[in-house]
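Each chain gets a letter, A, B and C, in the order it is written, and its residues are counted from 1.
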Amino acid sequence: MILQQLVNGVALGCTYALIALGYTMVYGIISLINFAHGEIFMAGAFAGLLLVAYGKLNLFLALAGAMLVSVLLGIGVEFVAYRPLRRASRLSALISAIGVSIFLSTLAMLLFGANARGFPEGTFPSRQIDIFGAQISSLQLLIIVTAGVLMLALELVVKKTRIGKAMRAASEDYTAAALMGINVNLVVTFTFALGSALAAAGGVLVGVLFNAVSFNMGLHAGIKAFAAAVLGGIGSIPGAVLGGIVLGVAEISGVALGYSSWRDAIAFAILVLVLLVRPTGLLGKRIDRKV
Amino acid sequence: MLIDPYIQQILISIGIGVILAQGLNIITGLTGQLSLGHAAFMSIGAFSGALLTIRTGLPLPLALLAGGVVPALAALAVGWPILRLSGDYLAICTLGFAEIVKVVFLNLELTNRAFGLTVPQPETTIPLPLLVLLAALGVTLFAQSVRSSRFGRALMAIRDDEIAAAAAGIDVASHKLQAFAVSAFLAGVGGCLYAHVLGYINPSDFGFLKSVDMLAMVVLGGLGSVPGALLGATILGAAPELLRFMATYRMLVYGAMLVALMVFRPNGLLGGINLVEFVMRRSGRPPRRTGGSP
Amino acid sequence: MSLLSLEQVTIRFGGLTAVAGVSLAVAEGEIVALIGPNGAGKSTLFNLVTGIYRPTSGTIRFDGAEIAGSPPHRLARAGIARTFQNIRLFPGQNLLQNTLTGAHTRGSWGLAGAILPFLPAVRREEGLLLEQAMHSLGVVGLATKAFEPAASLSYGEQRRLEIARALALSPRLLLLDEPAAGMNPQEKQSLGETVREIRAQGVTVLLVEHDMRFVMGISDRVVVLDHGVKIADGRPGEVRDNPAVIEAYLGHRGVGHA
């Protein structure tokens, strides 16, 4: 029973983590809360849905296609709405992000209607698997495995590739990285691309899991995932994963204990409490101010 | 009333927007503490004021006062721990607080859970739209007075440099808390007016998007600027009504407008403009004296 | 009795001991210079005296009362004002506003004053603060620029504005962290006169400065820190000829280099 809930929680947490990674990477480099990130996730979900329903692709190809669509969208948004504001106050960039978020979700509503849409039947065979007495659905397994693979891939990209190293340098010290001749614009573009791809994967997985894709799914998931990123320590990649899973497990436990109508409050109550004890999140670096 | 109801509606929407914007401007514009959850204070004010009116039939001014005091107390209670957090951590905490408040109201028997409350039209001697505008004017004058007071200077010092402010003898924690409470008070008054004017409130009316709306007004006009908040609230208060003919495209335009505004005027419409100086220059008086130092 | 006294004050940041067992006394009405090579712990000592850091051990007394660990705003209220090595003005505000903020402790109306700005008592207080602020601007010679934004000032002027803001507090003890840095010789000379004038009005001055000519010309006493340790304390002439001091500086850079 406990194992069962744990798996449920981890599966939900993995989707939060996939979105949270985008928030945390972008924040780590340009200190922007990318509020439109939830809409990138939503766009990924729609792209996946359309590719399966009309493109007749199998789920994994559709997943890849959705990631590509969101990457292009994410890069485009950065170029239009954030890049011109790189030197402006952070609040201006934040408002711009909120504008993008409103724009994209309204656009989705106009294009796809206000009602949630489901994936066609049989997109992914749903069956219950018995593992150590816990009933785990094949969908949950799909989510956990896909998320795990993607996060490993991210780890490799960040640790092993040139651009990944540049990313880490820029997140350590943006100005110094620029002075050292790193093409920071390229790094920022690449960061948005990575984050958007992961969010799109999250979108497709969530869409399949709940069999619902809707224009406003980004707002809610986005806020939660951002909370996960902050909980883990914003700017920290392992932090985002940890934060997502902690929130997912906490929410599911709350629901299992019969507090389902308090579900949204649980995540935030945990966030606020953690921040009060550790003001920079679970794995965040302490900031020392020198005078 | 002589004015047509449509215009009345727009004026009310602007008036309430002005109260909310001036309130948020005090904590975010003057003190530099980003709040992404001001809708929570608005909803606490709306529900406490509405409950008083429904249960006790208290006259509107008293309900408004209570609608401000209750959220101000709430702000003191939550602000005390969270205002120590810096920047974005504070922002996400206020956001989290607002989500929690929403869920609490959705679950509270007292406020009729997710069904919301119907608020009877209050008996007032002055017509309600006029009352709203007078309140907006009063709040704007107050905001201007804050800006030019010793209290307001302390807030701006905290915004610009907390360490220098403390070295000048300003109790940073206490001032942040006071600013937060004042700001919550005004949000509550705005919410309470909203409840009585609309006649119906629901916890979901005060979600994240409401907080964003308020923030957009303040940033649009120019953070920290009192005339800016007035202008921002007027434009965005009227925009949904004026754009109504565009029906579903309204929010699309609104979103695009926010982006365009930030890209082309990142400091807001009136940001960086000193109005007094501007008027003086217009009237031909030299705005600054540029004598050499002795 | 000394106005400020430190006894065996130590502060460590992780493995680094920035100030190590420093004892020091500043008498009322003195001008004391604190010198030492880069990283010697001078600014850290200022931060300890103004409550920004709490010492790891040791006692700090101001006017007889133990102050180590009190928050900065309390110490400002008690009469300790300072400037910062890396200038910390309120850049968007004009000179008068900057200085008015410096006069914060001279007033008492808070939020109530903003709600009732028309009360005679509130207006009287505002008038008083304004007078104080203009007076301080006058002392540093910036009164004519009162309505210009602080960000428009030259570097040297910004340093003077910081002094004006600190003076507006009507301090008993004024701490100046490298006030002459970035100034040309004329500016330095007039700064020296200003500091003497400030002392003449009964303010005790403790200053950090790298320019030896400035230091030697102005101070009653010079204290030398090196690697967080006090290595000399005496009249300017004595300190200049102290072999330990010469050694400390030669180890880093030449004496007199600004």
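We adopt the following convention: a contact is a pair of C-beta atoms (placed from the backbone, for glycine too) under 8 Å apart; a residue touches a chain by one contact, two chains touch by 3 or more.
Everything numeric here is computed off the predicted structure, so don't read it as measured data.
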Chain at the geometric heart of the assembly (C-alpha centres): B
Centroid-based (C-alpha) most distant chain relative to chain C: A
Inter-chain centre distance, chain B versus chain C - centres from mean C-alpha coordinates, in Å: 39
Cα-centroid distance, chain A relative to chain C, in whole angstrom: 49
Centre-of-Cα separation between chain B and chain A, whole angstrom: 31
Numbers and ranges of chain C residues touching at least 2 other chains: 52, 84
Sequence positions of chain B contacting 2 or more other chains: 163
Chain A residues counted as touching two or more neighbouring chains: 291
Chain A partner contacts - residues on chain B that touch it in the complex: 28, 34, 81-82, 84-86, 88-89, 91-93, 95-97, 99-100, 102-104, 106-107, 163, 208-209, 212, 215-216, 219-220, 223, 248-249, 251-252, 254-259, 261-263, 266-267
Chain A residues within the chain B interface of the complex: 27, 31, 33, 80-81, 84-85, 88-89, 91-96, 98-104, 106-107, 109-110, 219, 223, 226-227, 230, 234, 261-265, 267-269, 271-272, 275-276, 279-281, 287, 289, 291
Touch list for chain B against partner chain C, complex: 142, 145-146, 148-154, 156-157, 160-161, 163-172, 178, 182, 287-294
Contact footprint of chain B on chain C as seen in their complex: 50-52, 71-73, 76-77, 81-82, 84, 88-93, 97, 100-102, 104-105, 107, 109-111, 113-115, 117, 125-126, 129, 141-142, 144-145, 147-148, 157, 165-166, 169
